[in-house]
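In the two complexes below, chain A is the common chain; its partner is chain B in one and chain C in the other.
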Partner chain A sequence: MKQVAIAALAARHALHARGEALARAVFYLAILVVLASLWRALGASASYVWYVALTEWVVLAMPLLSIDIEEDVRRGDIAYRIARPVSYLWAKVAEGLGNGAVRLLMIGGCGGVAAWLLTGTPPPRGILLSLPLATLSFFLLVLWQAALGLTAFWIGDTQPLFWVWQKLLFLLGGLLFPLDVYPEWLQRAAYMTPFAPMLHGWARLAFDPDPALAARTALLLLGWGVALIAFLAWLYRRALVVLDVNGG
Partner chain B sequence: MSGAIEVEDLRKVFRVRERPKGLRGTLRYLVRPPTREVVAVDGVSFRIEPGERVAFVGPNGAGKSTTIKMLAGILHPTRGSARVLGFVPWGDRKRLAYRIGTVFGQRTQLWYHLPARDTFALLARVYDQDDATHARRRAELVDAFGVGKLLDTPVRQLSLGERMRCEIVASLLHAPQVLFLDEPTIGLDVTAKAVIRDLVRDTSRRDGSTVLLTSHDTGDMERVCDRVLVIHNGRLLLDRPIADLRRTYIRRKVVTLLTADERIALAMPGVTVTETAPHRTVLEVDVDKTPIEAVVQAALRASRLNDLTVEDPPMEEIVQAIYASAR
Partner chain C sequence: MRYLFALLLTNLKASVALRGAFWMRAAFMALNNGIMLVLWMLFFLRYRDVNGWRAADTVAIYAVTASAYGLAVVLGHGVSDLARRIHEGGLDAFLTQPKDVLLQCVASRSEASGWGDLFSGVVLFGVAGHLAPATLPICLVTALSGAAIFLSWNVMFHSLAFWLGDTSTVSRQAWHFLILFSLYPSTIFGGWLKLLLFTALPAGFIGYLPVDLLHRFSWGTLLAVAGAAAGYVALAALVFRLGLRRYQSGSRFA
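Right, the complex of A and B next:
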């Protein structure tokens, strides 16, 4: 499959461009140190540090595909990339996945060791359950990034939209605090969006290793994933119409 | 016999959004952006035979890129028809993609941190090329383009000229029958330009591939192509052999002399001094009245030369001359 070859090459490319991953890893470690101190001061269990280590891990490993796509649209490169016998959209998604996979491993390795050292406790039992879900969630984040990038066909600059999306993800996904500390109504509202299962849904397994919770989150992520793929395919078709009508 | 590229009355109109001024205008823009129509290509017709090398020239905004995008199947025309290798490009884009190649001077398809060999291997997968065919074709092109020593060097460490040679190899790996080249020598030094031009021409001759080249550099079209199509304001102004164009329009050359003497004087028919500075003289030479060789000999008699360059007039000037004569 062509996309597998693209993802593999993107992963190799990312291995040769380690600077950005290292910068993200340093930022990640700084966040972990601050939050671990905060949780310790609040008297919370070590599991909460592991929770933040998990949520921050996938968010910081996420490739900024939206910027890549926006630049392709702005510079007009997209018109030329379309003239190849592989879908531009799915080639970009494959590139993001390959690139992100390397970051997941690099940042994840650093984070795992750091969280262990900071908490003094080994990874909780729920981590094993959460890892496949984290990978699925990461896939969804890449799809979101591609969708945000494609909006450049209409709005030109995707950064304001990305900013809003990112803040919704942080807030309704429970990036820094598990949704359990939110009021009941906000928890319910968050679970009506795709954001809650993308972070809190599986990272919660760090302190609540419930297989039923894992299964529910997996179903939610799969459902949102299917919806997102369908939306992305539709958005791409619309983008090609815009390219045809407004020019490249 | 059908042509490699057949274009009949091709027209493309874009709707361009216009952002009005003021708060009310901005709000209206967000809800329903006002648009105006721009005619990018206006009833263009031409035919290119298999193996022909044709320059497609015109000033910025003339409609070159839009025509090429339609021929590559990226855009649908508003009116008219086109066939590339027998395919309707916008209807058969995917099948056509296997048989055409593109080189865009300012855009890269090579992966920056990896050696070109890796991009070549990926392209083999993208174009469904089996390993044996890929290895054979790559060996041919690597030999022809002299990039054997560059194959395992990360692309970021290559010079612009080396990178461009690798870019062209990448575009030719799947043995396209039609090659679209857009400013393939932009930003290159004189030597690298000459190398790229010769390689493109020789590869087209060897493979029998058709070349459609757009460039602002008259040297590109003179060295690579046999025929020129001139487009201006979306309309085809001229379709002629390059030799005719040279005879009719490229009569003027710009000669820059860097001399040992501070100033030199050259009084010859058809030679005008357009710029002078200490040790530097720029001349405009009408080659019908005085050949370049005679100017160089006279300059050598007048002073020792530290450097000398001979340039064609810019494409814009040639197109303007064609445009003026077409009116």
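Right, the complex of A and C next:
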């Protein structure tokens, strides 16, 4: 499949972009230091630091496809890119998955070592159960990025939407604080959105390795994934119509 | 001063010219700040106090930091591509003008989302009860000194491009670092990290100390905040001037 080749090529590029990975890793470490200090001040257990190490890992490895797509639309490069014999949208998603996968590996190691050093405790026992779901969640994040990028066809500047989407991920996904910190009604409400399964859903499995809970989370992620793919396909079709109207 | 004012006015007009984009960036930035604050309020519903730091302090630190950041990017967003300009010889256009190069470069762009930050900052100062006549001047001082430190820090990191080539990524990262650490109370950090926050990474002068000043006014703290801002501005100007001696033209007019 062409998309596999595109993903492989993007992964090779990411392997050479060491500066970019290093910048993300250093920022990742800074976040861990800040949040470890916060939880230490509260006398909380080390699991909170490991939790944020897991959630931040996938978010910081996420490729910023929204900016790439926005640039393509703004510069007009989209006009010749869509003429290629491969769907522009799925090529972008493949590219994001390829370079994101390399970043997951690169910064994941740094985060693991840092969390271990900061807490003095080894990785939580359920981590092996949560990691496969983390990769599924990463796939969803890439789809979200593509969806945000496609809004450039209508609004031009996707950054404001990205800011709000990102903060919803903080709030309803439990990026910084596990959802258990919230009142129960909000935890339930968060699980009605796609955000909670994308981060808290799988990260909590590291501390509560319950296979039934893992299966439920996997189903939720798959359900949201299918919905997002359908939404993306629809959005892309609409975007191409807008592009025709504007003349590219 | 008149020149600077005219430059800023031109940039503001340019940023407001695209009315839809301007309002969208400003409104969504304010919403973005609002969501972060809700997150913190939920945190403080569960944990009332972090080493003496409470929800009201977090509202105040967000007020101070958002105002400072908003002012910095509204007035001096030109700094965000300073490293690239230095590396690519893009300072040539500024060097031909009979005005200060750094000032021209920093004030050459305005970021619309900064208005959203400024709006959030003012609202949060109000929520925290600091918009009273007695504390209003302190709010202004903290916002101005914070903006000065944000810009100076950025100028220093971007100026590294005079020696090291394109340092845009490092400079952007340094900027994110400063924002990240400005939003957390120094009370949670200990030892070397706390020392760092009041020296090499001056986040303590942007968030924590101004909040302390708002809650417990003292001339000593005011002097520390204003002195730090003046010191970082002077240091940034010095680093830029030293670097400018090494600047090589991009020969754009050749």
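Details
Just so we're on the same page, the second predicted complex is superposed on the first by the 248 of 248 C-alpha atoms of A that agree within 3 Å, B and C clash if a C-alpha of one lies under 4 Å from a C-alpha of the other, contacts with A are read in each partner's own complex, and residues count from 1 in each chain.
Just so it is clear, contacts are C-beta pairs under 8 Å (C-beta built on N, C-alpha and C of every residue); 3 or more make two chains touch, one makes a residue touch a chain.
What you see is a predicted model, and the numbers here were worked out from it, not measured in a lab.
Following the overlay on chain A, a side-by-side fit with no clash is recorded for the pair chain B and chain C. Contacts of A:163 after superposition: chain C is touched, whereas chain B is not reached. Of the two partner chains placed around the shared chain by superposition, chain B is the only one that A:12 touches, whereas chain C remains out of contact. After superposition on the shared chain, chain A has more residues touched by C, the comparison being chain B against chain C. Residue contacts after overlaying the shared chain place A:186 against chain C, while chain B stays out of touching range. Put simply, the three-chain overlay gives an angle of 80° at chain A, taking C-alpha centres for chain B and chain C and rounding to the nearest 10. In the overlay built on the shared chain, the residue A:121 is in contact with neither chain B nor chain C. Legend: residue contacts after superposition of the two complexes on their common chain; A:37 is shown touching chain C, with no touch to chain B. Using the contact criterion defined above for the overlaid structures, shared-chain residue A:23 touches chain C, although it does not reach chain B.
By the touch criterion defined above, A:83 reaches chain B but does not reach chain C. Put simply, chain B and chain C get as close as 6 Å, counting only Cα atoms, in the superposed view.
Shared interface residues of chain A, touching chain B in one complex and chain C in the other, do not exist. Taken in their complex, chain A has these residues touching chain B: 2, 5-6, 9, 12-13, 16-17, 75, 77, 79-80, 82-86, 243-248. On chain B, the positions that touch chain A within their shared complex are 14-17, 38, 40, 65-66, 69, 72-76, 93-94, 97-98, 100, 102, 104, 107, 111-114, 118-119, 122, 125-128, 154. Partner chain C is touched in their complex by these residues of chain A: 19-20, 23, 26-27, 30-31, 33-34, 37-38, 40-42, 155-157, 159-161, 163-164, 166-168, 170-171, 176-177, 181-183, 186. Residues of chain C touching chain A in their complex: 21, 24-25, 27-29, 31-32, 35-36, 38-39, 42-43, 45-47, 50-51, 113, 169-170, 172-173, 176-177, 180-181, 184, 187-190, 193.
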